[in-house]
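Accompanying notes for the structure given below.
Letters A, B, C, D, E and F name the chains as they come in the text, with residue numbers starting at 1 for each one.
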Amino acid sequence: MPIITLEGPPILEKAVRRSLVEELTRSAAKAYGLPEEKIIVLVRENAPDQVAVGGVLLADRP
Amino acid sequence: MPIITLEGPPILEKAVRRSLVEELTRSAAKAYGLPEEKIIVLVRENAPDQVAVGGVLLADRP
Amino acid sequence: MPIITLEGPPILEKAVRRSLVEELTRSAAKAYGLPEEKIIVLVRENAPDQVAVGGVLLADRP
Amino acid sequence: MPIITLEGPPILEKAVRRSLVEELTRSAAKAYGLPEEKIIVLVRENAPDQVAVGGVLLADRP
Amino acid sequence: MPIITLEGPPILEKAVRRSLVEELTRSAAKAYGLPEEKIIVLVRENAPDQVAVGGVLLADRP
Amino acid sequence: MPIITLEGPPILEKAVRRSLVEELTRSAAKAYGLPEEKIIVLVRENAPDQVAVGGVLLADRP
């Protein structure tokens, strides 16, 4: 039941998203010594006005 | 202040959603010995291209 | 793969913890129309100096 | 790398959102003794049918 | 019911922790236009072998 | 600032933990097109009485 949650900017290309969840799953399965079917990945995509770094929203960056 | 967070597929019927949050709240209030008004439930709904099991996005399942 | 995360004070009695995860699982399985084996519950227990309500740590409450 | 996650109702005014992330960042930087650029803020906005208090969805409140 | 979750290194001084949750609560109450008693803060403290930046655990930093 | 959070059983061997965070970081950096230094990984380890699958705590599994 290990769960990997990703928070990041939107991933627009489906192929990139597919490879990413495959790779994360493979790495986690190996580390935990569990079959890949036990690994869950949640992909959260944040809009630029939902994230701030250093007190500045990404949407306000020059 | 106990907080219950649900991650799952969308729950389309309002009646189902209402019963679910009622039941979760009742169970948690009983277990913690707290009044129901202290229990918060957050319902997160994930699209099928935001969740992968076994390295495969739910959106790609046959 | 629905995931229920609980944040609350420690639950000391094992029997209470067992009933709680059973009830939450049953409620979620019914609402999502999924078998119970698909439901994951994570129980997080917070110390009183890790939670504040109204700006006051629970550990500082009279 | 401290991360502050906010869960709350939507914040419609951009100026309010900006001040909020600035203030949270400043407070956290001071407490951790770290430069502000190290602080990340994530703002999550929940619809009224995604949150229940006391077993009642905010959308169902009178 | 807004909830602020902090993830960061341990905060050892109780006074610092108190001021931090007070300040975060005040900022959030103002932004949401809600009384401070509605604001919950959760403080999570991570050990240096539980956090990596740039692929390196904080515990392994020189 | 992408953030990867792992929830799983304890990872006892330091070398395994190191490789895991390295691999997750590399995969995420590639997918997001960002330098590895921007990727944060949080490793959460859950005790067997904090996780239930199918309504049964892992600690109660035969």
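We adopt the following convention: a residue touches a chain if its C-beta (ideal position, glycine included) is under 8 Å from a C-beta of that chain, and two chains touch if they have at least 3 such contacts.
Note that the structure is a prediction, hence the values are computed from the model and not measured.
Engineer: If we look at chain E and chain F, which chains touch each of them?
Structural biologist: Output, common partners of chain E and chain F: C, D.
Engineer: Pick same or different for copies chain C and chain F, depending on whether their interface residues overlap by over half.
Structural biologist: different
Engineer: How many angstrom lie between the CA centroids of chain C and chain E, rounded to a whole number?
Structural biologist: Between these chains, centre-to-centre, one finds 20 Å.
Engineer: Using mean CA coordinates as chain centres, what's the gap between chain B and chain E in Å?
Structural biologist: The mean C-alpha positions of chain B and chain E differ by 24 Å.
Engineer: Provide the C-alpha centroid distance between chain A and chain F, rounded to the nearest whole angstrom.
Structural biologist: 12
Engineer: Which residues belonging to chain B are in contact with no fewer than two other chains?
Structural biologist: 1, 3, 7, 17, 40, 51, 53
Engineer: Which chains touch which?
Structural biologist: Here the touching pairs of chains are A-B, A-C, A-D, A-F, B-C, B-D, B-E, C-E, C-F, D-E, D-F, E-F.
Engineer: So in the complex, the part of chain D that touches chain F is made up of which residues?
Structural biologist: 1, 3, 40
Engineer: Under the stated contact criterion, what part of chain E meets chain F in this complex?
Structural biologist: Checking each residue of chain E against chain F gives 7, 46, 49-57, 60.
Engineer: How about chain C: which of its residues touch chain F in the complex?
Structural biologist: Touch list, chain C to chain F: 14, 17-18, 21-22, 25-26, 35-45.
Engineer: Applying the document's contact rule, which stretches of chain E touch chain D when the two form their complex?
Structural biologist: Chain E residues touching chain D: 1-9, 11, 16-17, 19-20, 23-24, 27-28, 30-32, 51, 53.
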